[in-house]
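Order of writing sets the labels: A, B, C and D. Residues in every chain begin at 1.
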Amino acid sequence: MPLNDSQKKLIADNRIDYSDLKAVFINTTLKSASQGQSHTETLMRDAIDLMEGCGIGVEYIRAAEHDIAFGVQPDMREHGARADDWPEKIWPKVEAADILVIGTPIWLGEESSICRVIIERLYAHSAQTNDKDQYVYYGKVGGCVVTGNEDGIKAVANTVLYSLQHIGCAIPPQADCGWIGEAGPGASYGDEQDDGSRAGFDNDFTRKNLTIMTFNLMHFARMLKDAGGIPAYGNTTS
Amino acid sequence: MPLNDSQKKLIADNRIDYSDLKAVFINTTLKSASQGQSHTETLMRDAIDLMEGCGIGVEYIRAAEHDIAFGVQPDMREHGARADDWPEKIWPKVEAADILVIGTPIWLGEESSICRVIIERLYAHSAQTNDKDQYVYYGKVGGCVVTGNEDGIKAVANTVLYSLQHIGCAIPPQADCGWIGEAGPGASYGDEQDDGSRAGFDNDFTRKNLTIMTFNLMHFARMLKDAGGIPAYGNTTS
Amino acid sequence: MPLNDSQKKLIADNRIDYSDLKAVFINTTLKSASQGQSHTETLMRDAIDLMEGCGIGVEYIRAAEHDIAFGVQPDMREHGARADDWPEKIWPKVEAADILVIGTPIWLGEESSICRVIIERLYAHSAQTNDKDQYVYYGKVGGCVVTGNEDGIKAVANTVLYSLQHIGCAIPPQADCGWIGEAGPGASYGDEQDDGSRAGFDNDFTRKNLTIMTFNLMHFARMLKDAGGIPAYGNTTS
Amino acid sequence: MPLNDSQKKLIADNRIDYSDLKAVFINTTLKSASQGQSHTETLMRDAIDLMEGCGIGVEYIRAAEHDIAFGVQPDMREHGARADDWPEKIWPKVEAADILVIGTPIWLGEESSICRVIIERLYAHSAQTNDKDQYVYYGKVGGCVVTGNEDGIKAVANTVLYSLQHIGCAIPPQADCGWIGEAGPGASYGDEQDDGSRAGFDNDFTRKNLTIMTFNLMHFARMLKDAGGIPAYGNTTS
């Protein structure tokens, strides 16, 4: 949904310098771009707009556009995969990011299969360490955006956020947002309705949660960057 | 693990004719065959051996050997996919089966991404109906086999079994089994240990659960086949 | 919601004798009766009406009206509990039932704490066996009814149904139903709306799922009762 | 398990002043003290020892020792409950705490019913705000300790940690730890084994995770306290 006046004012009134921060948003819709618009992207775009408006450099990745191999190693080409876009096209952006947001649709109440591919590939780097001997994701913060036509935001967010904190990201308060409609089949987020309105665009709850998520990710990324990461005491790998 | 004497006796003493029943086992390990042995297959093989021993015709599919497209339509080639083994190589076996068992490893406490691909593709057929106007999976029974080196059998089984019943399979009592080791990294199912033994092969709990799962799947498949499926009253799609 | 004409016709046209079957519905709302109407009960009542209309004897239990002890033993008074209504007031009804349906509200995306109390107490009997040396729940079928004002039907149903099958109930296809509204706070099931309508009462999807769940529970209970339970082969406890 | 030399050295070498920080550990074992030792407490004690050793003031609460009402209001006595220890005995400690750790056993793969009671009661305060108009839990950090004899640490931790971040706590990296044994029934954490050893006490993985969790909770609590909480921009309730 287009940012509303309150959200635009948050950008206009922002006085914190975020220009040294980077974010990566990975959309795990099952559809490639040629298969049509991603409802999840429609919602993710608001968080991207807010971050970019505040000066953060954002990379957006639609995973289905890439040939990402199945597996739990950093480069699956070394393990028999015919091709693998992860090591060269995706990982460098993830590694450089201070903020990592995963977007996913809901299928049968769960995140998409491509979302799990991404989680498995992120996990593949969990043996790597930073220069403080902490897991390589230490210092990053993680969030989650979910859409479906019915049911499952929390179920999905709890596995996605759990995975992110498990590998080393910090999770700020209320680090997820999403939209679903009433029980049953129906419009997906942003679908044009009979009355010309677009599904979910008038949902203040979703808008508010997205805004809170976005700023909390920014606050924590700022705090961790300024602190030089998380103190390396009691939490190193050796 | 090789069937033990009790299990062999169950085969030898079986007096029920299962020769008209078919089962399909789909292994969703992330590894293709060239990447090595699947620990999940090692456990699935016992259930297969029990069913085949009792006369059921079993198809075993290692999903990673196939080029299965992402998506939620029966044939993704019609929706832009470059290739899709599902409609011709997988679906006919699923459609013909009375028993459907999904095997999966555990990654970050959840089923594999390939397992979710399979669930999404099964779901893609949920609009199809049988000749009684019930969902096409009515009359089939579903089960689940899970392995990991630590933690997650129940979490995985509950999403897999939920998905199967949601699309129309019946779930007998105790329709899952699995093996995990103690918290922490360690051997996977069937790995050779320092003392020459193989991890999990001495686990009576896993063996018992596998046996119960297998026979309950067979009992319910027999019962449903003999009854001509589920009565079509109050549960048709229209 | 009041049964509609299609549902009433299913009752009127039913030709199967269910009069020897018993069902127990346990509502795990957090509210005692004095705290007001249970939205979950409002939905459960439809399934109860359908079953009673077809001749099944139904017991309805609102767990919050009872003093059920925490614990995983059949009678917690023997383990230090001050009081425990489970062994005398709840368990005999569960034990006698052919069909067991658990209803629960959603809190933070999960089933209620009282729902987990019930699951723990059901589990406490899992060491008991029937006269065929199968777990005591063998021969019963299980279902689940869920309501919330937003998000979580599937997440809740998958843990509840998993628990029921784990202890020995069979789960028919589509053995759950529920209602939630659009993402965000809002009306609960059956709440009177500004326009005088009641939330969710016009939801055909919820109504259809409830009907299918109810009849599938009845079909499987009928089938298992007629078969004298599940054959005792390969699935006994010893 | 008793702290080992590495853990003792982390206490001895600590140079950060934590004396102004408070932590509350809530153990949600189903057993009251008279019913015996809590395995979950045995593991929680290590995290408590580390925090106290570093100067943090720790409150330990065994929820089963209290009469906590079911419900989602701050004081259930105002809503018909006969008694409710939450508002006077539990909430003031939670409110004062910088660090909130929930410990729970696993039953059927899920957190205990008492754990869900605690989550529901924490949630009951989610409409309250701090003096910056943020949710009242902003500025606190949350963690989770889980024990069982088999399977479920991650499934439990993901719902518990999700709930904590949902109501406003920050979740540091790797904010959970736990112990489970191999698949099947068996010893619980700390149980004396045949050889005199105590189950899980030699598990380096559990010990390491507990240590990392504890120090990450401390680092984030220190960081948030020093920053005066989370900046109130884009994340207030109005």
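As a convention for this text, contacts are C-beta pairs under 8 Å (C-beta built on N, C-alpha and C of every residue); 3 or more make two chains touch, one makes a residue touch a chain.
Everything quoted here is computed from the prediction, not taken from an experiment.
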Of A-D and C-D, the pair joined by more C-beta contact pairs is A-D
Farthest from chain A in C-alpha centre terms, which chain would that be?
C
From the mean C-alpha coordinate of chain B to that of chain D, what's the distance rounded to whole Å?
37
Rounded to a whole Å, what is the gap between the Cα centroids of chain A and chain D?
27
Averaging over Cα atoms per chain, report the distance between chain C and chain D in Å.
32
I need the residues of chain D touching at least two other chains; which ones are they?
108-109, 154, 158-159, 162, 166
Seen from chain C, its contact residues with chain D in the complex are 30-32, 34-35, 64, 70-72, 79-80, 107-114, 116-117, 119-120, 123, 159, 162-163, 166
Applying the document's contact rule, which stretches of chain C touch chain A when the two form their complex?
108-109, 150-155, 158, 178-185, 200, 203-206
Within their complex, chain B touches chain C through residues 10, 14, 16, 50, 135, 137-138, 154, 157-159, 161-162, 165-176, 211-212, 214-216, 218-220, 223, 227, 230-231, 233-235
